[in-house]
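Paired with chain B in one complex and with chain C in the other, chain A is shared by the two complexes that follow.
Coming up: the complex of A and B.
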């Protein structure tokens, strides 16, 4: 595809006859009543006849040899029907392989084989008649471990004589690669000042209310594996299960009921689908596994890591060039190793015009638990790095923090803008977003108030961050360091729209509904095509692998309102066209004179004369085959696939990781309380530009939710491990989520710069808060602590950390004269 | 997070409950379950049976006796304590403490007797009960006795309760002195990083004629700070170097040290709280 053809696509899409009536309205979510009543029909609500239950034995060690496993006592518990350990798994399944790494480990199976590599790694699986019996039996399995030295940091992992997580690779460095765009050396030579800083990110992650669920049954009569699972990427899961447990994909039926929270956390469930699928096949009974909260907290988080950033600055604040070196502790999960680094290409230069840029990254295996694509993946950390560097550069050059940003923002007239690496920012007005945020937050007044209160001895700070929120994965970035081309992509989806035999319009997006308002949003879009009310559209909120879907079907990467809406709208318009053609033949009226309204084919725009009901039309189309127009095919069901047209094939010099790019400015206003150094967010303002908004209530809700999750990352959340790799944060008493009591009121203003490359001009909306908030919060706290001369380079910023940073400072000694 | 197998029993009278407790080997009393059930799900505790005393009417009273003695049944929940007019009027310090406990769900389920017997060093009630000189009543098949709360609490998660005994009632003298109760935790619903319960009365000449100070979240459990009390009593605020007094005491205390705060940090926070709260109590008088 050509470098940039967004303008042409504007023309292509404007040919559609779509006219918005319900799109853009704040319709209340239809799905919520069932959620509140507890009758949504989640995976755990589904039970097979003769249901059996699985429980997992998890490793208490972060790194140990498995010397011996004795399951004999557990097998004697009445009701236990199957126990699997690494021994069976090794002989019955294939190991996992890396997606991005050129060399893949060959020893990582869906249950630990011979050794464990993280605390919580599944070591054995018990299937029993009840979940209590299964849990009892797990506690009777005897495992003899021989502890191995634990690799608990990136630095240790890369030492010459470091113990190897995967001995077969000969190194703990899973991937190293280096990219350069423009002339970085020249930029650094010409710079007036080089600003350098190492910035760190902790291990944290989303914790959906609903944990992972798998319910598998192998039907011998059909030789088919039927699985219900809380899976965010079920299309891929089918492929992975086929490869792992050797059941043909065509014989796997995977159904995803409504999901109780996704956040990316449920992208790694596939190996449990494989494990339960295998267990179900071996024992002949339906096997249900519901992950416990503790199991959910053991593993599958964001990786910790750090980045060395160097900004070559001109003294007036212009960025001439940037060098980034990224170190990512990917734990031991070769499957998505380096993903967090790779996805940073999507917002590597943020909202700024940076033409000379180098990026190198290392994915390092440690005894940290595995990682998963958690909300925003590497983008929150990337945004944290850039926006912190902007603040730091402003400090070092003695420039205003707003002015230095304004100096470097991509000018609106350069939109659509292609970044140095090839990412295409399709639309947006970054200077205007910033202007509006300054106004919304009363920035100047706040600065005055801050100065006034400072004189009263209060520590008030303002932080500002402007971030890019990329969405829709052009997944080939996994292959940036490999020679092959990927045989998968996230840039498209397939959905089904029909008028059922009873005349009702039904939609199946055929992707996981993860609680973010898909049902209502789809109903709004489809109702506008058919001239109906949103409440009249029946939306099936589930995925079924026997229905039309593309290989990487799933709800991930902030892509719903691009690719699923694209597919649903395409199918709707094809179906509408078919309806009008059939009606034209049946009614003997010219097709151009007909339109759809209130469940009827009508003519005459002024009077809207109702000629034929959908009900009648359905009767004709499904049943009256002899009088049916000869030039048409019976039935009113359309399956359509949509691919975002701006996805480019991958070459190292020019690639787009993501296909839509929302942006936002966050302004955070805090007070730090000297008695305990706790941080109170006094005010928080967001201007969010997510292109065209289908439902402002839902979009605002997503902005609030994602920002609070970001505040969690900035101030509260961290999975803490001791030097033996033991996870110390295994309950919600120790892993701190911000609750409603801690969440600030957010002031949110929407801006709409429609995306020219999506069907309705929509863009990513689910991750912006999680991406942009980290730097806004950290910047505000740093600003409040200015008298103490603190530079915040790591998260979460906890009161105790602040106390440790400042307690040697003169300002601290000055104010704490009274006590200590 | 599935508990191991256990029997569940729900006695209707205190007598029946005591009978069950003394006869059932390996049983535990369920007194709200806000800590016990989590421990059982983690399989830290695996009792063979639970004796649920939450349905015994004799354990649910709040009474004012002779206009000065408040008797609170062990199974009165936290919400009731913050809401009950007798408690609010006669022991405002206690109802104010209950308001700070965890969240609404916990306050509706958790009970004062359960909390006292759990003896979590960072729990909210204990410093207040120490500052109020509360007594607890214990009953077994053969004996009834009462102990001062300070005798009853032996240390973190450790009490004087014996096998076969049930804590039936908390008895507290009416106390409407000026008080201040605070806990510091990062999140509203968490256990305290540091907590202070204090009350004081000033004479007309400004001298402190009554003072009680107790703290939570130390490594030895909740503590009454008698050193501080004796340094303050009989003096006016002008005669006191409060910073020094607090420092002398705090330096001898070890606080809990965990993910939520190391001992040194907690001491820093505690010092600040004590300074501000005591200063306010002994200079300005009333603080709620």
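Coming up: the complex of A and C.
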């Protein structure tokens, strides 16, 4: 997109009649009134009459042939009404296919057919009249496996004679592609120094406290499948379920009640919706499945992988060109293979001017468990690579870490800025964000303190990272890799706003509420349109597929602030316009003289004379059709779809993966304790620019929370596997999350560089901390360990890893007096 | 099946359960009190925390039959009789100490116990006391703020 068209957008949106009164205020969340009473109404709180329960038998092997399954003993347990295995699934359902990878296997079903490919893969499903009976019956199913060689690393998977995860594909490489922008060879020829490093990322992932839930009932009288599920992407689920179990989408009603945490983890639930939907149809009973925590930890993580980065540097610190080669172990889940790599285009250049850039990537199938688009998808690792490389380049060129960043930051006068691949950074002030972060964190004082304390033998470090937080997926980019027409491209949502027959303003954004304050945020926006208080707006916190939605409806990709607000605001303004037209006709007053305030149509701005209440207006609009204006349609309900207008169609030389770009600077201050090589975060400062903020309390909470989730990835969290692909991290005793004891106190300051291409100037906020924190924490620990000459290129930085890095160093010999 | 009887939120309940029924399942499935949640199955996360004769316990690790005769409080028992929010509820709301809210009932029960038993806690001590309650959303900062505030309110209410 050119600079010009962005400015055109500004003009288009400034014509909106919106005036902010409640937008921008720290309104306390209405959601919380239910939560603190324990009556939020999560999926597991809902029960059908004659509720039955499902339990899943999972594979104990990472790779094995299924020789035989015997369900006879399990079927004899009183109360068991249905057992499904791969045999039934193969005859009743279609296999799942790839969304982005060029090759699509034909043998991956919603239950394992003939073969298991990861530990934890569902092998059989039992439905019984109680959850205890279902679990009993699962333990009585006998399965004979014949173990197959396990492919557990990228290197092994790509060997010529490697066992194939999907033999029908002929290779474990699901996709390989190469992109080049600018003149990379010239940049590398002209460089004073080439800085090279391989950086690694471990398997980790968000673990929402509420696990996955599906409750399905097939109503024979309506031939309709009704499902309650903890689904972050229900619009797409309906489509996938139709394709898989062959129930028409128009006969699937999917409802998503308030969700107990999403983080992307619940974007992969659709195949369990399909499985329970099929089971419910076959057995005629409502079937509820509540995932155990162990099942939640078996699978659906972020992929492990590594990236070879080469930076062509001028000796003054200017980046001339960058080469990136990305290797990603996407496990075996062809559905989203390659997504982590593709999404990296959104923040591949970070906050820097990098005109010459090449990127090649491989998505590799292994016996790792499946992956899901976890918080930020490929963006956290991408930001980790860029920001670590900035620190490493500074070290190698003997430059200051702040100075090298300042040298390369995109200057404010170049905003909006189009990156080498075509990503449009629509707004932001990166030098100012950095300046404020240095001030907020007392950076210079900390450097002095660090020097002082080091003389006392303490290992203190400061890490700094400046990151881009892209939001709003332009979904078609998945099909950069595919020649055929994508099912989805662009970015939009559809929502409904109405004045109900009782005169109350009701909103259904029609997306899952995953805990990020949508109800309150929408109430603030809509109240401003109708001249009401936020508490007077009724906002539905659930999704219902029978109400207006686009097929990619869902809460993901940091897009709520953009496309859902866009849809809700558009519907509200259309409804307001209709209200004023009806009122003008009924009251015989010119429309321009009327406005809305306190639940009334009013005239005269000074005196706000109340002419007609919403209640009365609703009575006329829904019931008194003879006194209703003939040029209007009765009823006060508007369904509107909003599309972000800046999504570009895809060409390989110029594409935008995401449509908004928040940014932040994180400054992390740590101490490494030599007694046990534990790391204590002493101070953590964030300056965050998410554009226009609708509710500062909510935005600040999200920025802090996502940062602590990133700290988990940087210091604690890793799914560990043995050489047979056995997952050793199946409880929270083994998979370590930060608790209140580990989480630091955070200082946070907001900046507002409004986005010109969203209706209110808002930008993304839910992922930023998870993106930018990794490099800030790693940089701080590396800085603390400077006397030991450590370079941190992988996460999580655990005490064990630190010990292994430092134990051969001279500094360690010095402080330990040579004792080991 | 065996019969168990206990007091929950001041009311007497009894019900027929299999001896192996977990207390949290009895509370959720038999008593239909859905505010007590299950987050981990292994006593790490604290979403199922309730008070047992005033002491916090993780109800996913206890059989319903073990609670025979016990006096239990769940999140549904926090609200005052006149419909007003309790100190813990008020503090959590005022400090926006929740996002998805799934962990909140467990934190509220833990807070009720902590402010009554150790009202002089520092911020670090609060963090230590809360380490058995996981929150995946907030990063804990506003939760610690809320507990501190609840402490202050509790002390004031006693004066």
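Rule of thumb we're sticking to: the second predicted complex is superposed on the first by the 811 of 820 C-alpha atoms of A that agree within 3 Å, B and C clash if a C-alpha of one lies under 4 Å from a C-alpha of the other, contacts with A are read in each partner's own complex, and residues count from 1 in each chain.
One rule holds for everything that comes next: a residue touches a chain if its C-beta (ideal position, glycine included) is under 8 Å from a C-beta of that chain, and two chains touch if they have at least 3 such contacts.
The structure displayed is predicted, hence computed values, not measured ones.
In the superposed pair of complexes, A:739 makes contact with chain B and with chain C alike. Once the two complexes are overlaid on the shared chain, A:139 sits against chain B while remaining clear of chain C.
Looking at the shared chain after the overlay, A:697 reaches chain C, while chain B stays out of its contact range. After overlaying the two complexes on the shared chain, residue contacts for A:33 are found with chain C alone; chain B is out of touch.
Residue contacts after overlaying the shared chain place A:678 against chain B, while chain C stays out of touching range.
Once chain A of one complex is fitted onto chain A of the other, the partner contacts of A:326 are absent, as it touches neither chain B nor chain C. In the superposition on chain A, A:374 contacts neither chain B nor chain C. Contacts of A:799 after superposition: chain B is touched, whereas chain C is not reached.
When the two structures are aligned on the shared chain, A:206 is found in touch with chain C, with no touch to chain B. Between chain B and chain C, C touches the greater number of residues of chain A. Residues common to the contacts of chain A with chain B and with chain C across the two structures: 131-132, 292-294, 731, 733, 739, 741.
Interface of chain A with chain C (complex): residues 28-29, 31-42, 44-45, 131-132, 206-211, 258-263, 290, 292-294, 514-517, 697-698, 701-702, 704-709, 731-733, 737, 739-741, 743, 745-746, 769. Across the interface of their complex, chain A is touched by residues 1-2, 4-5, 38, 42-43, 103, 184, 186-191, 193, 243, 246-247, 259-262, 265, 268-269, 271-273, 275-276 of chain B.
Partner chain A is touched in their complex by these residues of chain C: 18, 20-21, 25, 33-42, 44-45, 47, 74-76, 78-79, 85, 89, 92-94, 96, 98-105, 108, 123, 126-128, 130-144.
Taken in their complex, chain A has these residues touching chain B: 55, 131-132, 135-136, 139, 292-294, 674-676, 678, 716, 720, 728-729, 731, 733-734, 736, 738-739, 741-742, 798-800, 803-804, 818-820.
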